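Take a look at the structures listed below.
The same chain A turns up in both complexes below, where it pairs with chain B and then with chain C.
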Partner chain A sequence: MDKTDKEWIQELMNKFQQSEITKIKIRCGEIELEMEKEASRGKKSSGIISETDTDGQEGSQNPAEEEILSPLVGTFYAAPSPDEEPFVKEGAEITADTVVGMVESMKVFTEIPAGVQGSVQKILVHDGDFVEYDQPLFTVRTEQP
Partner chain B sequence: MNMHILGNSLMTTVQDLGRTGYQKYGVNVSGAMDPYSLRTANRLTGNPENAAALEMTLMAPSVVFDGPSVIALAGADMNPSAGGIPVPMNRPVYLPEGTVLSFGRPRRGCRCYMAVSGGLDVPSVMGSRSTYARASLGGFQGRTLIKGDSLPVGKMPEKGKKLQNILEKQKRKTAWTPWSAGIYPICESFLFRPFRYTEGLQYSDFSEESRTALERNRYRVTVHADRMGYRLEGEKLHLAVQKEMISEMASLGTIQIPSEGYPIVLMAEHQTCAGYPEIGQIILPDTARAAQLKPGDTMTFEKISLEEAENIYIQTEKQMRAMTAGIDAHIEQGGL
Partner chain C sequence: MKQIRRILIANRGEIAARIIHACREEGITSILAYSSADKNTLPVEMADESVCIGPPRADRSYLFIPSVIGAAKGLKADAVHPGYGFLAENGDFAEICEEQGLIFIGPSSKSIRLMGDKAAARALMTKIGVPVIPGTPGLVHSAEESLEAAGDMGYPVLVKAAAGGGGKGMRTAETPDELAAAVHEASEEARKAFGSGGVYIEKFMKNVHHVEIQIMADARGHVISLGERDCSAQRKHQKLIEESPSPLMTGTLRENMGKAAKKAARAAGYCGAGTVEFVVDRQGQFYFMEMNTRIQVEHPVTEMAVGTDLVRTMIRTAQGEPLPWDKDLVPRGWTIECRINAEDPARQFAPSPGVLKVYEPPRGRDLRVDSAMKEGSVISPFYDSMIAKVIVHKNSREEAINSMEQALGQFHIEGVPTTIPLQKQILSLPAFREGRVDTAYIETHLKDILQNMKEGKS
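After this line comes the complex of A and B, so read on.
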């Protein structure tokens, strides 16, 4: 590992810290690098960036995975009613407007729009779970550029 | 502003929470069969929960308002659409002037409630606007609504205006909030749970077998099911010893057993006294659920104590209160 490699890793770490990505795994020649943010630890995440070329390119990092967070505190519902199919299943293609679930508090049911485009990778909560503000509910694999 | 009925339907009436205090004179309470859905629809439009609204049974008429309106639909899902666009249940919906609201077949449930912000301003008779059709009392001319009827809508309350302002700003003609409200979903797993009852006045006069039979068997709602009561079909029930009865008070949810043995469940427009022995008394939250059953649907029964019944009633009211606070908070915060 030479000096430019170290600088490159340092730069990558800084960018990772500033970004919204919680976990990243990079292989570039002999170098294999895996970074994960403190807050995301304990969550199962399979976000893998297949190829990233950040060399000298500002802001070209496109997150491969994003999370949909709960907008409020309450009970999470995966389907519009107990007898109906869930709003989305793992693998479903979604757009920013797709309703992915509902959170109930005080008998008011608030729809959760995906906010991102891509495919649902993992559903992190179960129907009927109590969820907190900003708790990750889904991971979404976003489109590659 | 007026609401115009554009088509005929099965049984569409104006209902509020009923005419209380006159049963001693033989005037029944009437009112919404599923009062929780009526209250929900009213709250969603900013109305007091006792405002008069439409109760539509199995088949709903198309309606149009001759002014911009805020409405809400709760109870049975009858595939509502406004100007051809599907409209969701359990939400405040803004309709620009002249938007035709129409309905399809009921997807779930039997009775749909449509509240309009301001309420239906029909005359109050003996303290209520609800229709008691058998006596031609209250509601709109004391009868079921037909094509061509035109009903006045009351003054929109402040909360309704707030909702209208918020929803008008969306770039769609017909608009609704991204949130909905309700204390229960109208779905199979909810509708077909056992109907809970407490012991009726003559419970102990029934044979041991009959008392067990009521809990062990399924009963089918026959076509003789209306706002007055439901005749059920299934295992026959009998008294241990036949006896003559003096007519007694009857109530919403009373399960009577006439001599042929098939149960009758009394509903919103029940008679005020009855002469058949009463095996049970369905609890209030469950009579509201029974209101969403159609002929052909089945009922099972489960006996509970009076304490349990009171507890369920209190819990349900707590949920209604929480929902009301939740809706009001959303309206206050700008409705979204």
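After this line comes the complex of A and C, so read on.
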């Protein structure tokens, strides 16, 4: 295997990683290559968005949907204070910097930036709920269908 | 007396599994706080409830006090068990638990801080008449001071961080030339691991055994000794094999060491399970090293040697119950423990994370395996590399060693290299068989031991 082959394989691996394909087998001359990966659910972005374990559910039907995950364990607050309107409502247009809620742990309030641009599709938790690290809080539609 | 109903376990791996078992037997709900790296581990499956408290990096999860406390409060735990390592000997954490109305299953923050400062603990022991290893009365502050002190006590010397523990923050210096580097390294390691870099210097004791006394205390000030563990088989201050009794123990020595250990615990206002570590020389003189204010890795040795459950007793004393014993317990028969790590002895003990393709622990009478592993489990690169602890209990030392050799022979692990071949080799050493392995033996003879291991000699 020469250098060009290695580069070719590296490129294939990168393309495979970015694609929606989960399994591929290629034979080309003497080289036989087999790659397999888990189905991705939504694109990765901004640290708090990640592939979430959906426990056996098949890959998301809609690739343009992402989840905002809790950045820490604690109590979730949907509004800046009990008398105020929630940070966001379902349907709200948000950018990566939009604060969508807060998590309180030991009286320290941590704002949750959306980390993604789109519209809030569903709010998955209630004000005052105890949430754990990486727990999905919102689903966001990132593209128009 | 406050009845504990829900315990948050702020730890992982085999000790988390161990505490879950104890909770189950006490009829207490176990809540496991885990990092996202540990999501698919056995303790998460075993616990009644579990909560993800943060990302893999321990400083953002297992060591991050706001998240641990937040999880405990949010899930309405009334007590926290810290296990060993992580927050187990963090006085601030114990104090915050106390302030937040959570029972910290361990001693008070005051006792932890007192014994956690190794230099202060030495001073306290001197004051109450417990012999300590010759060394500087307090921290050393300059190169000149270090050189002078080390010169007075004679080389080799051991540089120890006041905040150290678990073998961290400790370096030996054989000559004056090595001293400055040893001080620097011990200090830096401790600063990184414990946030404080103060060091003191002790004489490096040769031809000594590491013998520690397990004590248990209740809130009424009643303290008992549960006998000793000999942990002389060590490499780089990491214990490999522990046994009880100690091969060099006599009835009188045990009584005297027990008395000293109890005195130490009383002076610290201790409550719960603790270990007072000593070195013992060939003449049967013992010297205080330090007190560990937590449940230790090797606690099963004592549990099997005296026939009790230390973790359950910890929970009970934490909720204010008196100790179930009115006099000291003495080890029966012979108990040995081997720690099995995912490390490659043939490659400078490199930690070897990976997947356990095969995991078949030995089974049998008088045999206990403490582990949180099963087939398919992952040894995570984020945490320590322990796979299991194998403990055997027999009538005599010889039977116990033979039985351990058999057990290790039946321990089938594939997927990662382990320390099993090394452990087998140590068990077969004439010096080990004769009870002559002192704290320096393994390190000194490591080359030969590894060579024999490679050649498959036994």
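One rule holds for everything that comes next: the second predicted complex is superposed on the first by the 81 of 145 C-alpha atoms of A that agree within 3 Å, B and C clash if a C-alpha of one lies under 4 Å from a C-alpha of the other, contacts with A are read in each partner's own complex, and residues count from 1 in each chain.
Note that a residue touches a chain if its C-beta (ideal position, glycine included) is under 8 Å from a C-beta of that chain, and two chains touch if they have at least 3 such contacts.
The model shown is predicted, which means the values in this text are computed figures rather than measured ones.
After the match on chain A, would you call chain B and chain C a fit or a clash?
fit
Once chain A of both complexes is superposed, is A:T95 in touch with chain B (first), chain C (second), both, or neither?
neither
A:P82 in the overlay: touching chain B, chain C, both, or neither? Say first, second, both or neither.
A:P82 contacts chain B only, not chain C.
Where does A:V73 make contact in the superposed view: on chain B (first), on chain C (second), on both, or on neither?
second
Identify the partner contact of A:M106: answer first if only chain B is touched, second if only chain C is, both if each is, neither if none is.
Touch status of A:M106: both partners.
Based on the superposed arrangement, let me know which partner A:Q135 touches: chain B (first), chain C (second), both, or neither?
In the superposition, A:Q135 contacts chain C only.
Rounded to a whole Å, what is the shortest Cα gap between chain B and chain C in the overlaid structures?
5
Going by the contact definition given at the top, which residues of chain A touch chain B in one complex and chain C in the other?
105-106, 108
Can you name the residues of chain B that touch chain A in the complex?
Touching chain A from chain B are residues 90, 178-183, 185-190, 319-320, 322-323, 325-327, 329-330.
Which bits of chain A are touching chain B when the two form their complex?
Going by the criterion above, the answer is residues 80-84, 105-111, 113.
Considering the complex alone, what residue numbers of chain A touch chain C?
Spelled out, the residues of chain A in touch with chain C are 53, 72-75, 104-106, 108, 130, 132-135.
Show which residues of chain C lie in contact with chain A when the two form their complex.
35-36, 39, 51-55, 61, 65-67, 69-71, 73-75, 100
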